[in-house]
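Take a look at this one; I'll ask things after.
The letters A, B, C, D and E name the chains in turn, as written, and every chain counts its residues from 1.
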Amino acid sequence: MTEVMVERGSRAHRATLGVGVALVALAATVPLWADSSWMREFVEIACYFVFAMMWNLLAGYGGMVSIGQQAFFGLGGYAMLALGNFAGFDPFLAVPVAALAVALLALPVSWIAFRLQGGYFAIGTWVIAEVFRLSIANVSAVGGGSGTTLTALRGIPRATRESLTYWLALSAVVACIAGVYLFLRSKQGLALQAIRDNETAAESQGIAVRRMKLAVYAVAAFGAGLAGALYFLGNLRISPDAAFSVNWTAFAIFMVVIGGIGRIEGPIVGALVFWALSRFFSDLGTWYLLGLGLLAIVVTLFFKQGLWGYAQQHWGWALFPTQRRLVAPQNGAITSRNPP
Amino acid sequence: MALLALHAVSKSYGALKVTDGISLAVEEGETLGILGPNGAGKTTLFNLVSGDLRLDAGRIEYAGRDVTGLAPHQRCRAGIGRSYQVPQPFGAMTVFENVVTAACFGGGQSERQAWRSACEVLEETGLLAQANRLAGALTLLDRKRLELARALATQPRLLLLDEIAGGLTEHEAGQLVAELRRIRARGITMVWIEHVVHALLAIADRLFVIDFGRRLADGPPQAVMSDPQVQRVYLGMEG
Amino acid sequence: MEPLLSTHGLQAFYGDAQALFGIDFVLARGEIVAVIGANGAGKSTFLKALTGLVKAPRAAVRFHGEVIGGLAPAEIVRRGLALVPEGRRLFSSLSVEENLQMGAAARRPGAWSLRRVYELFPALLKRRRSPAPSLSGGEQQMVAIGRALMGNPQVLLCDELSLGLAPIVIREVYQALPRITAEGMTVVVVEQDVQTAQRVSQRLYCLQEGRVSLTGASGQLTREQISRAYFGV
Amino acid sequence: ADTLKIGYVSPQTGPLAPFGEADKWVIEQMKAALKNGVTVGGKKYDVQVVLKDSQSSPNRAGEVANDLILKEKVALILTAGTPETANPVSDACELNEVPCISSVVPWQPWFFGRKGDPAKGFQWTYHVFWGLEDVIANFTNGWKSVPTNRKVGGLFPNDGDGNAWGDKELGFPKPLSQMGFTLTDPGRFQNGTQDFSAQIAKFKAEGVEIVTGVVIPPDAKTFLTQARQQGFRPKVITLGKALLFPGAIEALGDLGDGLTTEVWWSPSHPFTSSLTKQSAKQLADAYEAGTKRQWTQPIGFAHALFELAASALARSKSLKNTDVRDAIAATDLQTVVGQVKWGGQGPFRNVSKTPLVLGQWVKGKGKYRYELVIVNNEAFKQIPATAALKPI
Amino acid sequence: MLDLLAQAVLLGGLYTLFALGQSLMFGVMRLTNTAHGDFIVLAAFAAVAGLMVVGSSGLALAAVALLLLPLAFGFGWALQRYVLNGTLGRDPLPSLVVTFGLAVVIQNLLLELFSADPRSIETGGFATRSLALGADLRVGALPLLVLLLAVAATAALQWLFSSTALGRSFRAVSDDREIAELMGLHADRVYALATGIAFVLVALAGVLQAMRTTVSPSDGPLLLLFAFEAVIIGGMGSFWGTLAGGMLLGLAQQVGFRLDPGWGIWFGHLVFLAVLVLRPQGLWPKTRG
C-alpha cells in the first residue's frame, strides 16, 4: 500500500485559524481604546462561555451529562475569594490557583460521582453541588448563607482592575478553545469519543476508561472553577445561593444545546446567541427567561444537532474539524461518509 | 510454556454456576476452537479472560504472568485482543476511526503508525470500502467484521473470537477461514467460539467443548467430533 | 388464487440512501419461503418494510388483498404479521415469561400459548423467571421466536433464525417449522446458509443489491444459478 | 436638555418580589414629579429612571448594577429590598466609584455583611433604614406589654438577615438576655425547609411562649401550620420579613390573625414627601387607588429614595461622581419616612436611621381581610399607636 | 424519640407522594424530568386558581381537586404525546434540556400570572387539626392523610406496574420501543398513558402541598431534588422502593434537623450519596412481576 492519506482539515478551517489569531490580537488591545462597559460585558460572557465549553467537553465528548457543574463554579469563586481575602494572594493570581485547587478537589468527588451513570449521574452531581452549597452556607468565615464581599480588590484603581480582569478573561477563552481543540485532535480525543460511544468496547480496545474520564472530569472542573473565579472577580460579591445556583449549568446546557453539542463551535455559537438575546431582551425579565426556556425546547425538538450542527449538515461547515477521513488510494473505492 | 493458562476458574450468578472450575491451557501459536450448547458459558469464559468479568475463584496466567487482577485495558495492552458476540462498535465514529482507536491504544502506536496499520487491517478484513462510513450504519455482518478488524488492530498475541462466522454464506465463511489462516501464519494464537462447526473444523488445531460451565471434551478435532457425548449434547445426533 | 401477502415494486430508503429497488414478491398461505442474499443485499430491510419498521409506499404491500404499505407497525402486526428481528432484541427489563406474554399483546386468538412455546423450547421453562439479558445468545433467540409465535400470526417473518444457535437447536427449530405451518401459519425465513434455506423452504428468493436476482422452487435451483444470483457474476 | 440617568435596582421577580412590588408604581409617580427635570450645577437635565430587576438573585443584582454603571452611565444608583439585592449593588458601586443610596435592609447586614470597617466606613455607598437594635427594642417593648414567661424561641434562617439577627454579638441573643428573656435558638436553617418539627420540639421542651425570627413567607406558613398541628401554641409570634406584606398574611389564612411584625412605614406615619408634598396617608391612598392593591411598607422607602436622589442632585455642584457623592453625604432632609441625615443620626457616617414601631395584623374592617395596626410606639412616640398588643 | 420517628414517617410520606410520579416516568421512559417539582407547583397553582374562581369552602376544595385530577391526566397525556415523546432515546440529554426549559417556562409563567406572592389553599382549619397519640405525641391530620394517600398510591402503582398487562407494556416500551410496536403496541400512546397517570399523582401532591404550606413559583427545584432522592434511594422501577426511599430521606433529614437545623437537608443529601456509593442501583431495584 502506498502512503496513507488522512484528511483532517479544510480550507475553511485554516482560514478560521488566521481570522482567529487576528481577532485575538485585536481583542488584546481593547483596554487601550474601548469603553470599559465592553470589557465588563466581555468578561461576563467569557465566564459563561468557558463554563459552557467545559460542560460541552464533559457531556458532549465525555458522555457525562452533569447538572452539577455549578459545584466547581462556586468552589472556584470561593477558593479565589479565600485566597484573596484571607491568604493575601493577589486576586488576579488567585484565579488560576483557585481553578487548580478545584481540579484537585474534583478527584475525590469523582469517586462518588463515577458510581453513577446516565440520569443518575446527572441528578447525583446536582446533589453533590447542593452538598457543597449547604456546607459553604454553614461556614461563617465566608459569611454563611448571606455570603461575603471580595475585599482584596479595594484599593486597586478601577482602570487597572478592569484591564487585568479583561486580559485574564481573554486568555481564559483562548486557552480554553485552543486547549480543547488540540486535545480533541490528539489521539486522546479519539479515546474520549470511543468512551462516549461504548465504554465496554473502549476498555477492551486498551483505553484506560476510568483514568480518561477522571482526567476529563478534572479538566472540566478546572475550567468551571476558572469561570467561577473569574466571574466573582468581576462581580465582587459571592453567596452560596448565587455561586452554586443550578442556573449556571442550565445556562451552559442551553448554550451548548442551542449551538450544538459535541462540537467545539457549539458553545461558541451558543454563547454568542445567548449574549445577543440577553443584551436585547434581558430587560423583559420573566418574559425573557420564558422565551429562553421555549427556545431551548424548540431547538432540542426540531434542531437536534443545534444551530451549528444544522449548518454543518446542510453546508458542511466545520471550523474545528477533529475527524479523520481516509482519502481513497488511487482507485477511489471508499464510499462517502454520509450517503448522499 | 502455555501462552494462556486458566486454573480452576469459576464464576456464578447467584445460584447459577456459569463457569465451574474450568482449567485450560492454550499453547503459543495454537488455534483452539470452543464449542458448546447455547448458554454453556463460552462467552462468559471470554469475559473472564478479557477481564470484563471478575472471577469468583481460580487464576488466569497469560505469558507467564498472573493477570487475574488486571483491568480489561491492561490485558488488551498486554496482547489479549477480543471480539464481542454482540458487536460493540463506536457507532458515532467512522469505521476508520474505530480501527485507528484500537491501534493507538490497544496497539500502543502513534497516531501516524495507527493510520497505516488501520488501513492494512481494513483491507485485510474487506472493510476498506466502508472506511469513512459511520460504524453505527453498518449491517450486522459488517459490524462483525469490524469487531475482527479492531481486535486485529490492537496487535494481539492472543486473539479471542466470539461467533464471527454466524450469518456468513458459505463463500464468505471460506474467505473468513482463509483470512484466519493468514493471521495464524503470523504467529498469533487464536481461541474461537463458533457454532458454524464446519468453519471451525477447517482451521482449529484442537477443540474444547463446554457444557454447563464444565469441560465436556478436549482434544484433536476429529476425536472430539466423534465423541458420543458431544454428538448427543451438541450436535443432536443419536450416540 | 389471491396471494396471502404480496409486494409490488417495493422500494425502501434509509434517509436519502435507497436500500430496496422495486421488489416483487408473493406468498401463498401455508408456504415456507426463504429469502437469501449476500451481506447487505437488503433482506432485513425487506422484512422491516413488510412490518412497517421501514416506511413502504402505500400500495406496494398487500395482505389479504388489502393495502397495508406505510401503516404503523402496530397496525400491521394486529392484522397478523410477526417478525423475529435480527439480533433478538428482547425486552431487557422483562423476564423470559413476560417477554413471551408481550408477544400476545396484539391479542390475536390462536393455538400458541405459553405452554406450547415451552414445549417447543424446553430450555426456556427453567429460565422463565430470569431477566432476559441474563440468557445466553441462543436462549435469547428461542425467546425471540417464541415471542413472535405468541402473537398467533398468519405470517411469521424470521430474520436470520439460526444465527448463533447450536446445531442441535437449529435442527430442532427447523424441525418445528413444518409443524408450525401445518397449523396454517405461513413462514418467510431469511437465511445465510443456502443449503439449509433450500432444504427447509418450498420456494426461494435471492436478493442482490436491493433487487430480486433469482426466484424459483427451492429444490430445482442449481448451485450455479444461486451463486450467480448472489454475486451477479 | 441633556438627560441624567438614575439607576434603580430591586427584586421585581423571584421569591423576594413583594419587596419590589410597589416600585413600578412609585417610578411612574416619579416620572410625573420630575417631568420638569432637575438643575445640577446651574444646568438643567431631563431625568430618566432606569429600573433593573435583580430577580431576587445576588448575582443578577451585581450584574445589573454593573450594567447601569458601565452601559447606562447613571449618575447614581438607588437600591432596596433585602441584603440579597442591596449588598451586591452597593459593592458594585463602591468598586466602580459611583454614588449609591440603599434601603430596606437593617443596617447591620448591610454594613457588616459587606465587611465594612467601622473605622473607615464606605466611600461611595450610603444607607437609610433602621437597625437590629430598633427591632429588638420594638419586639421586646411589645412582649413586655403582655404577660408571658419571657421564654423566646428564635427562627433565624441562614441568609443575610437571619445571620445578622441571630448573631451572638450584633443580633438578638445578647440584648434579650440582658432584658431577662431566655432565647432558644435551635440554629440556622435553610430557606425552604419543609419541616419545622425539630424546632417545634425544642420550643415545646423549653416551654417557649414567644416566637420571633426573620423568615421568608412560605417558611412562616409551614412553621405556623406545623406548630398548630403539633400542639404548640405560643402567646406571641413576632416575625420579621414574612409578615410584611398583605399577600403573605392572606396566604396564612386564619393563622395570620394576631401575628406581630415590625412597621417601618405606614399611612399613619406623620411625615410628608419633600417632592410631592403628599402625606404618608395620601401616598398610600394614591397607591391603593392606582393599583387596586393594599398598601405595603416599601412604598414609603422607594419614594424616599427618590426624594433623597432629587435633593442631592439639586445640591450637587456638577454631575461628577465626587460632587454627587458629597451632596449625598451632606443631606439633611425631611422625607416621607422621616428625617434623613448622614453623619448625624446613625452609627456610622454612611448610615442614617429611620424610626421603627411594632404592628399587629388584625381582621380587617374595610375592604381588606387583614389590616396592620400599630400596637406599640414606645420607640417613636410621634407615630400614633391605635391599639394594644393582643396575645394570640 | 417517638416523636422523631412519627415526624420522620410523616415527612417521608410527603416525599413519597412527590416522588411517585417521577418514579413512574423515570421507570417507564427513562425520562429525567427536571421540571417535576415545577409541575407540582403548577398543579398547586391550578387548584389555587380554581378556588379563586369558585370561592373557598370544603366542598369547593373537594370539587376542584376532583376536577383537577382528570385535567392533570389530560395535560400529562398531551404533554407526553406532543412534546416529550420527541426527546426520548438512549441519550438522557434531550429530555433533560426540554424539561429544564419547561421548568423555566412554568416558573416564569406563574410569576407573570400570580406574581411571586406565596399562595396556599384554605382548608377550613383541617391543616391545623391533629390527633393526640399519648402525652407528648401529636400527629397532624393532614400529614396523616398525606401518608395514607402515599401508601395507597404506592400499592396501586406497584400492582399496576408488575401485575397487569398495562404495566408490562410500560416496561416493554421503555426497553425497546421499536420492538414493542412490533408487538402491536402504540408506543406513543403507552408513554402518554404513563405520563397521564404520573400527572394525576403530581396534581395530588401539588394540592396537598398547597394545603399544608404555601407555594410560590420558584419552589419547584427543591421539591424536585427531594423527589429524585427518594426515587433513586429506592431503586428505579420499584414503587415500594420509592416509598422506602422517601421514608429514609425523611428520617435522615429529621435526625439531621434535630442535630442542627442548618444541617438537616445536608444530612439527607449525604445519606442519599452514601446509599449511592454503597448500592448504586438503589436499595430495592426493580421488583419483578
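By our rule, contacts are C-beta pairs under 8 Å (C-beta built on N, C-alpha and C of every residue); 3 or more make two chains touch, one makes a residue touch a chain.
Remember, predicted model here, so these are calculated numbers, not experimental data.
Engineer: Could you find the chain whose CA centre sits the greatest distance from that of subunit B?
Structural biologist: Result for max centroid distance from subunit B is chain D.
Engineer: If you average the Cα atoms per chain, which one ends up farthest from subunit A?
Structural biologist: C
Engineer: Applying the document's contact definition, name the chain pair with more C-beta pairs in contact, A-B or B-C.
Structural biologist: By number of C-beta pairs in contact, A-B is the larger.
Engineer: Just the number, please: Cα centre separation of subunit C and subunit D in whole Å.
Structural biologist: 76
Engineer: Which integer distance in Å separates the CA centroid of subunit B from that of subunit E?
Structural biologist: 48
Engineer: Using Cα averages as centroids, what's the distance between subunit A and subunit D in whole Å?
Structural biologist: So the centre of subunit A lies 39 Å away from the centre of subunit D.
Engineer: Which positions in subunit C are in touch with at least two other chains?
Structural biologist: 14, in rising order.
Engineer: Two or more other chains in contact with one residue: find those residues in subunit D.
Structural biologist: Residues 13, 158, 188, 190 of subunit D touch two or more partner chains.
Engineer: For subunit B, jot down the residues that touch at least 2 other chains.
Structural biologist: 137
Engineer: For the complex, give me every residue of subunit C touching subunit E.
Structural biologist: 51-53, 72-74, 77-78, 82-83, 85, 89-95, 98, 101-103, 105-107, 129, 131, 147, 151
Engineer: Can you check the complex and tell me which residues of subunit E touch subunit C?
Structural biologist: Contacts found on subunit E: 165, 168-169, 171-172, 174-176, 178-186, 237, 286, 288-289.
Engineer: For subunit D, which residues are in contact with subunit A within the complex?
Structural biologist: 12-13, 52-53, 55, 57-59, 62-63, 66-67, 70-71, 83-84, 87-88, 91-92, 94-97, 109, 113-115, 157-164, 188, 190-191
Engineer: Given the complex with subunit C, which residues does subunit B contribute to the contact?
Structural biologist: Contact set of subunit B toward subunit C: 13, 36-40, 43, 85-86, 137, 139-142, 163, 166-172, 195, 197, 233-236.
Engineer: Applying the document's contact rule, which stretches of subunit A touch subunit B when the two form their complex?
Structural biologist: 1, 4, 6, 186-187, 190-191, 193-194, 196-198, 200-210, 323-326, 333-339
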